[in-house]
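Per-chain residue numbering starts at 1, and chain names A, B, C and D are given in the order in which the chains are listed.
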Amino acid sequence: MSFTSHFSSFKVDAEAAVVEFVGTTVFLLLGLGGIQVAKGDPTTDSGGSTIEQVLYISTCMGLSLLVSAWLFFRVTGGPFNPNITLALLLVGEIKPLQFVLFCIAQMLGAIAASGLLLALTPGPLSNGVNPAQGVFIEMFITTALVLAVLMLATEKHHATPFAPVGIGLTLFACHLWAVSYTGAGMNTARSFGPAAVTGFPYPKHWVYWVGPCLGSFLGAGFYSIFKHYRYWSRPDQT
Amino acid sequence: MSFTSHFSSFKVDAEAAVVEFVGTTVFLLLGLGGIQVAKGDPTTDSGGSTIEQVLYISTCMGLSLLVSAWLFFRVTGGPFNPNITLALLLVGEIKPLQFVLFCIAQMLGAIAASGLLLALTPGPLSNGVNPAQGVFIEMFITTALVLAVLMLATEKHHATPFAPVGIGLTLFACHLWAVSYTGAGMNTARSFGPAAVTGFPYPKHWVYWVGPCLGSFLGAGFYSIFKHYRYWSRPDQT
Amino acid sequence: MSFTSHFSSFKVDAEAAVVEFVGTTVFLLLGLGGIQVAKGDPTTDSGGSTIEQVLYISTCMGLSLLVSAWLFFRVTGGPFNPNITLALLLVGEIKPLQFVLFCIAQMLGAIAASGLLLALTPGPLSNGVNPAQGVFIEMFITTALVLAVLMLATEKHHATPFAPVGIGLTLFACHLWAVSYTGAGMNTARSFGPAAVTGFPYPKHWVYWVGPCLGSFLGAGFYSIFKHYRYWSRPDQT
Amino acid sequence: MSFTSHFSSFKVDAEAAVVEFVGTTVFLLLGLGGIQVAKGDPTTDSGGSTIEQVLYISTCMGLSLLVSAWLFFRVTGGPFNPNITLALLLVGEIKPLQFVLFCIAQMLGAIAASGLLLALTPGPLSNGVNPAQGVFIEMFITTALVLAVLMLATEKHHATPFAPVGIGLTLFACHLWAVSYTGAGMNTARSFGPAAVTGFPYPKHWVYWVGPCLGSFLGAGFYSIFKHYRYWSRPDQT
């Protein structure tokens, strides 16, 4: 392999690693966020029984991986997990360079998700998010939902007829994290309807217009970027 | 594009917007109805722990979107959400006119769902629905189930072999809303069997004959209407 | 249509109605059985919060329909529900004779399921089933699991690659009913393993050998009968 | 059939029986492990209500079978259950020799799973696993996740586009067992991210590097072995 093809391979791998970073961030933002909700506030006993917490955590992590893997499956096929990446290296599915790049991307994604959770949420289960945090939470979860629609339904592939399942489960996973903080609007109509028939009781109703709209832009932006690079990196994953 | 083709495009878009209205109403009737159940009656502490409520709400919203999106996926592909619609506009999937019509339809659907919930249910978690409300609740949830069967199993498409999954999840989502109010019959045989072997203990057993039968007519009616317009609006969504 | 072809059509419809009877019985045995568990024992407060009960009931009914519809989907396409059957008549999918036969079969199936529950279980949530009842409960749930394997995995059709999903959900639905009564063995190995490593602490371990084995015979018997009649009644349902 | 072909058939059946042994062990390790969690610690009332326990147990067993059957479906089609195997014998799907070998493998698998649970966990719901037990728990659940990725996503077959669903549900099932003991890391990035942003509060963080890495090797090893024998044993199961 010549230097040029080495470099072109590196470029493809680096692009895939960026998607691994984004995917790992989405997976762990929803998953670790849900765990934070399950653990409850240690100062007030708001949580349920042990068994409820375990079921809740399992649901959060399981669904977060299910939907984030589904969204990015055709891009990198990536499980957002260095141990899976190691196994793929061992069975010869990926090459050492990819392995290294993917592991770095996954570690950075995990740090990004943990950092975002620290910044966006006021610690274990509390409703005390301020409007700015609320806007960003709404933006991130709407971005996930937008990506679900664009990657599963707009893109045509074998699983497209089942896009509604993936979209519904994305909404499920986003709720598991965000219900406790913002009520998980991520749909201005969903927030507007009840507010309209009850006389707009909440003064911060604008959060559910601004946050999800930003999510529309962010999701559409990510999709446009992926659209450029996707088909080259994993042409076999249909 | 001539005036005639503009008008014909408007007609197709307006028809799709009507389906968006119906779909958003179904989605939010089940979803917001479930949230009302989860929040419980504030005067009596009938609800569970915080974590139970969050899990319940997430399940309701996730499944409501999953099934309503699945039902209408091939008609409008619509996620019943103006923020998703905005993202579809941004990536060039839909045109500005469609965007405006869909958003109006989605907002009206959200108001319709919220209004129906106010009219049909006596406020947060209460069993005090009167027989007329019970008939309408049974009618609406049976309509959803009938549409699930007709759109997923009767219509032949790629996801038809998996129709039972969609039908079962529709029953799931309908129960999450209606168990607290009518027991969620939506099947006269299901109500008749236990009543027959226990000597018809409930005087209002007729509700489970009248409500679901009205649902059969309403569901079959919607289907016949959709059947006319469907294949023109989204011929690519198979 | 000549008399002969009328009669042959009646024969096909009557066979399909028998499957509707079996399917409705399976659906409601698991579904209503699960509701009985959720309602708990009124004399001792063993149940959970209202929200837990509603979630449990919704899961039971949703999964029971999902799996029983999946099992018999290609035989009658039947939703085990006279209201759905009415809607199918209204849109012209089935003929009046089929409608009448199916409704009768569905009503009888509902009565059979309710009667079986009365006979097999000692009333709301109790562990006081006797060994004979335990054998029959194990037999019925193993039959459901055997049918899931034979109808979804052994039979080759479009959904066969997803048979494990249907089989797992069948096990799920069976557990929701039977965990409270027999522990839901339905697998002699699953019962034998823990018993072997803990020195066979339960004297009635034989129940988990006899009941599931009877279920193997009953399930294989049903399958052999269906095998004869299936392909004629709904040749289009693949 | 000559002696040689008899022997070659025996070899294929014995190989399939080994897979049955591994699959039954995976199924019951996760399933019975989850039941142990649900039953809670009898000395301290850590468990939830009866209804929570039943729902938890049903989820554990249902998902464990779903994912383990999905993983090995194309290898042996095996439901890891002698009663199902008996039914398959009765309808002529498998031969008597296979029946005997499969039943022995399933019984041994059940004993192996029960024995592993005794060795790895300190009895009903306790956090008192020592680091060595933690490493092995992490190793086993990571192995399951690695196999899910390799068997569902890396291998190309009809269900490959839905691999993310199977992988997500595998993570779900693994959590249901292991959250109570190790927190169910099975992904070094997932453990590293939160630890990095909170200053590595747990001294045994190395467990989440060693255990999952061993799981990568074990999973990749199993896969390489299956890869040799698979296509001969069940060429029809695609």
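Assume a contact is a pair of C-beta atoms (placed from the backbone, for glycine too) under 8 Å apart; a residue touches a chain by one contact, two chains touch by 3 or more.
Computed from a prediction, not measured in an experiment: that's the story for all the values here.
Following the contact convention of this document, no chain is adjacent to both chain A and chain B.
Inter-chain centre distance (chain A to chain D, centres taken as mean C-alpha positions): 27 Å.
Separating the centre of chain B from that of chain D, both taken as means of CA atoms, is a distance of 37 Å.
Of all residues in chain B, those that touch two or more other chains are 48-49, 52, 55, 59, 162, 165. Every pair of chains in contact is given here: A-B, A-D, B-C, C-D.
Partner chain D is touched in their complex by these residues of chain A: 24, 28, 31-32, 48-52, 54-55, 57-59, 61-67, 69-70, 73, 77, 79-84, 86-88, 90-91, 93, 103, 106-107, 109-115, 118, 157-159, 162, 165, 236, 238. The touching residues of chain A, counted against chain B in their complex, run 37-38, 40, 46-49, 52-53, 55-56, 59, 125, 142, 145-146, 149-150, 153-154, 156, 161-165, 167-169, 171-173, 175-176, 179-180, 184, 186-190, 192-194, 196-198, 212-213, 215-217, 219-220, 223-224.
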